[in-house]
Amino acid sequence: MSFAQIMEFLRPMLSIGWLPAAVACSAAVAGLVADMFDAEKTGVAIVAGGLAIAALVSFGAAIIPVSASTTLITTTFGLVMTGGAFAGLACIVYLTAFLSCGTGLFSLRAGSRASAAALIGAGAAAGQVLLGASDILVLFIALELLALIAYALVASGGNDRSDEAAARYFVQGSVATGLAVLGVAVLVGLSAGASGYVELGTSLASMVPGAALLGGMLLVSALAFKLGAFPFHSWVPDAYETAPAGTAAFLAASVKAAAIGGFTLLLVRLMTIPAFLPLVMAVRIIAAASIVFGNLAALKQTSVGRMLGYSAIAQVGYVLVGAGVSPISTESVAAVFLFAATYAMGAATAFVALEFFATGEPTWDGSIGGLAGIASKHPAVSGALTVALLSMTGIPLTAGFWGKFFVFYGAAQNGLLWLVITGLVGSAISFAYYGRVIRSMYIDVSATGNEVAAEQGSDVAPRVRAWPSLIGAAVVLFAGIAPLIWGLSLVYALFAFR
Amino acid sequence: MTILVLCALIFGVGMYTVLTRREIIAILAGVELMLGSANVLFIALASFSGADPGVAGAIGLVILVVAAAEAAVGLALVVTLSRRSKRSSIDELTEVNG
Amino acid sequence: MTLEILAFALAALLMLGGAAVVALTKDLMRLVVGLGAFLLGVAGMFLYYGHAFLATAQVFVYVGGVLVLVVFAVMVVHRANGGRPLVTSQHDIGAAAVAFGVSGMLVMSLRESVGGWLPESGTSGSSIAQELLGGHLVAFELLGVLLLVALVAVLLIVGPGERR
Amino acid sequence: MTLLGLILLPLVGAAVAWIVGRSRPTAPRFVAIVTSVAVFGLAIAALVQVLQSGDHALSATTKGMLLVLDGLSLPLVLLTGLLGVVAVTASWAMTDRPGVHHALLLALEAAVMTVFLAGDLILFYVGWEAVLIPMFFLIGGWGHENRRHAALKFFLYTFVGSVLMLAGLIVVMMTVKSTVIGAPTTAIDLATQSWLFWLVAIGMLVKIPVFPLHTWLPDAHVEAPTAGSIMLAGVLLKMGGYGLMRVAIPYAPAGFAAASPVLGAFGSAGIIYGALMAFAQVDLKRLVAYSSVAHMGFVVLGIATGTALGYAAAMLAMVSHGLVSALLFLLVGSLYERTHTREIARFGGLGARTPRWGGLFVFAALASLGLPGLSGFPGELLAMIQGFGAFGWWMVFAAIGALLGAVYNLSAVRRVVHGERAPEWDALADITRSDTIAAIVLCVGIVVIGVVPGLVLRLTDPAVTLLVRALGGGS
Amino acid sequence: MSLFASNPWLAVAVPFVVAVVIAMLGRKAAGATQWIAVLAPLTAGLVGVAGLQGSVTPVSAPWLAQGSASIDVGVTVDGLSAIMLVVVGVVATMVVVFSVGYMAHDESKARYFSLLALFTAAMSLLVMSTSLVTLFVGWELVGACSYLLIGFWYRKPSAASAAVKAFLTTRVGDVGMLLGLALLWKSTGSLDIAAITAAAPGLAAGTATLAALLLFMGAAGKSAQFPLHIWLPDAMEGPTPVSALIHAATMVAAGVFLIARMWPLFEVSETARAVVLWIGVFTAIFAATIACVQSDIKKVLAYSTISQLGFMFAALGAGAWGAAMFHLVTHAAFKALLFLGSGSVIHGTGTQDIRQMGGLARRMPVTTVTWVVGVAALAGIPPLAGFFSKDAVLAGVFHAAPAAGVVLLGASLLTAFYAFRVTRVAFFGESRAENPAHESPLSMTGPLVALALLALVLGFLGGAILHALGLEAEGLETAVAGASVLVAVLGIGAGMVLYAAEFARADALRVRFQQLHDFVLTGWGFDALVQRVIVGPASTIAGWVYRVIDRAVIDGGVEGIGMGTRFLGKVASGLQSGETDVYASLVAVGFIVLMGIVLWAGR
């Protein structure tokens, strides 16, 4: 049974767009049921399994050669686009969620792990909806759903610091939700209840430019807040620092990838209206601000989580460089999706590795210095974290390089050389803080000396799982090296708008 | 036109409450103000632009439910904050920074 | 005709009064009452626009549910430090400018697209169900997931409490 | 397929060395020596193939990669192969995590080979960046007190430079619409060329390093282990010069023509500055590091003349500097392993105590000051007389630089090898056998190229004439 | 002989192979190897003789070729190089033979003889090259060998620094020469000597003068002319045979050879010749005065060499390059004789200070006789070789610039005076040495006798030498000859009288002019000046530039940028102060700003 035959057999099933979301949600519910019977570990495992299946299904949907007859992008209920590039990005959303649950979320308090896993499962499903949303209402609901999940996951740390970060995140988030509701009210209200992008197109064109602009900007701001772009970034560092590393992986990777998808689609829709053309300038300014602020602020950090938070702000800046091109073409959206995928994989692997360290090394206080000499104790996971950090810096032979390359290539074709140089120099400076983590892991001698720590590490291992970070690193490395061997076209395979 | 000014005004008051109140419960109330006024604005605009009442109602209901869910989670946060670390005003919430 | 205007004015007054109380009062209990008044005003507004179902939903969900929750939260929070629960706020011009800046922008940009001063009352008719289960099925399903997630989230935030 | 082998073989070797190293600490060096010798053999096989092939170039493509080996890259590939072997022999007695050390060395060699063999711009950049990672770990892992700072400074400094180069390469790929390296079919318009050349060249100038952009080199060298220094000085610096000739100049000839006086000036300034700094050093390894800045000044000067002989001078100077600096670092490293200090003041009269090491060091110093008959001279002579043709009396500085070269080299010999024997080193052992073999190999190379530079020039002739004709430059 | 005629490159290859062989054999077979070393100069000499018969075929090949341009290298033996080869061959053979005895008890003999052979190879390459490039290669290799030989006893710190001083000072000259090469390459498009000399007349006057002067700078460095002469006296730290070979006969003569070889270039530019003339004259008189007060026998000879080279450059400057070459040949013979003589004296008495010698005539008869012959030749007493060559030089200089001629006469007077002063103090009068001196063995006295015979015979071969150079031999100028003989006799008299009977008169004279004496003793204070002005501050300047420019400015700048960004990072992260209301207002302000941008950009 060759690969093609398997694909042929699976084709009818894979073409159902919402299948992965259904699997993820049912897994979440099953996880909750298991939790009720105090079977917490199995609950998390069920959710993880469900997410794995969802990831595989959407991967299949992304790469199966769609016969010419069927429409390019299959839409479900006409409101959520699935298939093609959207399935590709959905696959990444599910994969990163799977990695996050795969760690077993041991850094959370006992008793709350299964519910957190359930939230992650439901969140991944909502993520797929968000990234494919072609209806303002669906976009809004998915956005708020993910917001609620995010507040809960940050608070799941179970200590004063995480409560404080969650509360602050909530206050900011509610202001953003207020703006979103206002946006929905204006856009949908004025277009006589038509919330789908298609009908919206016509009514927006006929609407008074000022109103359309206001509605559009409200929604863009809400999404920008979800992304954590510069003016709306304040929640990112606190959330990533205090949230338990496993859940932070979900927040940083899958939620962000989904938000990037949703944001880009909204931009594509809005950019068709002449009134919105200047929006591109705003996106570029946010991009540059995010890159500069994110990179600079991350330099001073001592906590790894907080540093990754600031670096996330910078990474969003790079995405917006790709999104801020004026004639948005399928190539530029594909480049943005690709970057979202490579960044999500990198971030997920990093946080999952931090989860391993947090539970494997109880004495670790989350600081960069605390990781000194850890490479000799946990060579595999430190290797995975190193690959993740190198990918986020954009060093070749990792997926991150291709992500950045195509985004900057697109922006350069658009004549945005100043933005490209800011982005590139920003990613060069980023090694100043990513590199410090690598340096402390490999080069610094740990205070307790390597020998003593080596044997002590072995007995804690059974509970803590290293395989999620290894899978993540393997994907990042494979995606980095494969294009060199099988050609650049492979890079577009997952995100081609065939 | 009056409904527009009214809703906009109340939205502003809600935002003002969120930005200036020290206690989180009061901030929650401010959030409710914002979301409620936005919902009313939607219904008004929908009826003005001749939307089918069913659709407007459905979307209105969606906004209402989302706002309610948000309030519930907000309250949960408030309760945990006061229970676990005896803090309810945002001036005490400055431990995580830098 | 005047009856409708009267009803509209009453609802508007309720909303505005409630909002003002929430923004300015020092006493937490009076704040809660203000919030209740505002929510009732919103329900009245829905009624005015002919969305009976929505009004009832508003009353039940908000005035019944959320308000009670708020009172409960107030009890929990202030049980600890006793005395009349006081509420302080740091009035500063900057925040006012920002807040009313947004509303000003709102008014300025929507001015043309919204007609005359007189509010028109909407026609009634409750075909919400067809809509929710027809064109907006996805929204309905997502709403269900959202509510489930809200429930789980609250449980997670509050924490497992004393295990059985 | 030999080209692909040149990249994959060291990678495989690295993996094997790393795996073997975890179990038996003595095994990886044998794996490393076998792999590096095999790679060098493959390089010679490639040389034979190129000589036999009609158009003096060899190319191999996989779906993703295009590898090209022609006159410009051949000498450097051979140099990399040779220095790979020398680096492994130099770290023969390495006891501190030998497995990882040799693995990193071989990985470094593979990355450098990718740069020299890259046929398309993306692969060129991938190789260019990939070099930083093993070097970072080599400097960090086996350095001395200041290794943490030096490793990060090295990585960041060259990374910012190469990121700007990437911006330039993106603009090139965009305007020329193809990523294959070579003179562009549709020439880029002159206006962009003027700044494009600098944008592309900045990454390379940092790597060479050209005079003001050199401060990362001494720190990196002082901290790098002997084998790391040999590869860093011997091969990594050449990527800059090679990059200029292979990528920067063909794509922006007009930009290069406008920039060549500035390049020439910085090149000559580098010669004097490097020599002056070397003379002022108290740390022997830092002295050799600054000597690299001086020697590479000749390379930049040669390239800046923009003539066939100028490029030939650059190639000769690069190959010669590769051999000479490798020999110097080998000797300084072996001395450090036995005395655990690099302070020149504490040395003295080592010629008497360690005659073999002393003799080799004097030979290396003479080669480093560009004594005729040794490899340094042809390159430097050509660079200067061509430089005179292009820049006239500015060459006085380059000539004075050559004089200063003699000053610091001979003063180093006087303070270390000659003079009274410091009592401290009475029981000092002479250079080890493995290091001697490696040193002898390098010395033979230095003399051969010094006496018969035609060997290198015959290889580079076709490629250089092609390059010059493409640019319409002078003879 | 035909073997050498057909392949002249043997003169370079054989010595090189000999050097490698001796080095390879190393300490073990030092005894045997030293005799192989003789082969090297012999081959050079034989090739020279073959060259004299004029039947040598030039050999050349491209050395640096790229694209359309190429620089060729090659070797040939014409009249000029044949003479030089013979001189090198003869003197080197004598030195090697002498060294066998002199270095008998030195344990690193192998290194000594291999370096000597290498030197011969380099000298032959220099002399026979057809292209300026190979000439420059030989030029620098000769400098390197002199560096290695001066610093032969490298354990002595003074020898080590003298070696470095020698190499660097000659290298300063080479800077000029390199620029000269570059200028010639640019203006004539080739570096072949034949091509350049052919194109010389066609060159613009300025370029020709400049090129000539630059080449002269190299020559002045190598031949220790003022101001680049400071290294030669210190070079005496090396073994005496080395001084005899390199610092008397061969290497230092390379400068004269270079100008002779590139004569057409000098012929064209008047000013260049004038510079050469006056530098030569000044050096002659300057060095002569210093030689008069030296107490170290080798230093006297060193300054004497500088002075005699001054004579040769004066002749060149005056246009009589034939006379210069003739004087070069004779000077090579008798100066090598004197150096080897001093070697034998040092070997015998164990000291170099003439004040501790005295009365050696009785103990070392052969050395004394040969020494006297040499000294007489140096002073220019007929019929010895010195007289004829110096006369030719003086004649040439008088023709061109009579004033210069008079100064040279003065210099000849001083030459005669210091020559016989040393002889009187060292060889006659009472013996002041503690342990009695002993005569050197035959292997050392043999070469002395041979060279003495040469000093006698060479005078008459003047015509043959000039003929070999392609010039016709003029007769003797009676007036000039008479004057020079008179001056010589006067000098000798003064020397003998002043230093008779325990130097009473000399000491009295010195006490009266003590200050002048000390000033002249230190080489007119020039050496100290160079030390204070150039060498001393060099390391402080380098240190200063390193600390200030490299560390503070450039590296400081780079580290500064690093710290700057880190500080900006602190500022940026300051924004995250933790106040919730700031965070919330940021969202609202963000929206307003965004809206503003879009409206402003859209207007």
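Going in written order, the chains are labelled A, B, C, D and E, and every chain counts its residues from 1.
To be clear about the criterion, a residue touches a chain if its C-beta (ideal position, glycine included) is under 8 Å from a C-beta of that chain, and two chains touch if they have at least 3 such contacts.
Just so we're clear, the structure is a prediction, and the values are computed from it rather than from any experiment.
Counting hops between chains that touch, how far apart are chain A and chain B?
The fewest steps needed to get from chain A to chain B is 1.
Could you work out which chain's C-alpha centre is the most distant one from the centre of chain D?
The most remote chain is C.
Taking the mean of each chain's Cα atoms, which chain ends up nearest the overall Cα mean?
The chain sitting closest to the overall C-alpha centre is D.
When C-E is set beside A-D, which has more C-beta pairs in contact?
Spelling it out, more C-beta pairs touch across A-D than across the other pair.
Based on the averaged CA atom positions, which chain is farthest from chain B?
Ranked by distance of C-alpha centres from chain B, the top chain is E.
Can you check how far apart chain D and chain E are, centre to centre, with Cα atoms defining each centre and the answer in Å?
Spacing between the chain centres: roughly 36 Å.
Express in whole angstrom the distance between the two chain centres, defined as the mean CA positions of chain C and chain D.
Taking the average C-alpha coordinate of chain C and of chain D, the gap between them is 71 Å.
With chain centres defined as C-alpha means, what is the inter-centre distance between chain A and chain C in Å?
Whole-Å distance between the two chain centres: 32.
Which integer distance in Å separates the CA centroid of chain B from that of chain E?
The computed centroid separation for chain B versus chain E comes out at 96 Å.
Residues touching two or more other chains, restricted to chain B: which are they?
11, 14-15, 18-20, 28, 39, 43-45, 48, 52, 55-56, 59, 62, 66, 69, 73, 77-78, 80, 84, 90, 93, 95-98
Of all residues in chain A, which are in touch with two or more distinct other chains?
137, 141, 144, 148, 151-152, 155, 166-168, 171, 175, 182, 186, 190, 213-214, 238, 300-301, 429, 432
Quick check on chain D: which residues sit in contact with 2+ other chains?
Residues 156 of chain D touch two or more partner chains.
Touching pairs of chains, which are they?
After working through each pair, the chains in contact turn out to be A-B, A-C, A-D, A-E, B-C, B-E, C-E, D-E.
Touching chain E in the complex: which residues of chain A?
Going through chain A, the ones touching chain E are 167-168, 171-172, 175-176, 179, 213-214, 217-218, 220-221, 224-225, 230-232, 234-235, 237-238, 275-279, 281-282, 285-286, 293, 296-301, 310, 429, 432.
Which of the residues in chain E end up touching chain A in this complex?
For chain E paired with chain A, touching residues are 562, 565-566, 568-573, 575-576, 578, 580, 582-584, 586-591, 593-595, 597-602.
For the complex, give me every residue of chain C touching chain A.
105-106, 108-110, 112-113, 136-139, 142-143, 145-146, 148-150, 152-157, 159-160, 163
Looking at the complex, which residues from chain B come into contact with chain A?
For chain B paired with chain A, touching residues are 11, 14-15, 18, 24, 27-28, 31, 34-35, 38-39, 41-46, 48-52, 55-56, 59, 62-63, 66-67, 69-70, 73-74, 77-78, 80-81, 84-85, 87, 90, 93, 95-98.
Can you tell me which positions in chain D touch chain E when the two form their complex?
Answer in residue numbers: 153, 156-157, 212, 214-216, 276-277, 279-281, 307-309, 311-312, 349, 351-352, 362, 366, 371-373, 377-378, 381-382, 384-385, 387-389, 395-396, 399-400, 402-403, 406-407, 410-411, 413-414, 417-421, 453-454, 457, 460-461, 464-465, 468, 475.
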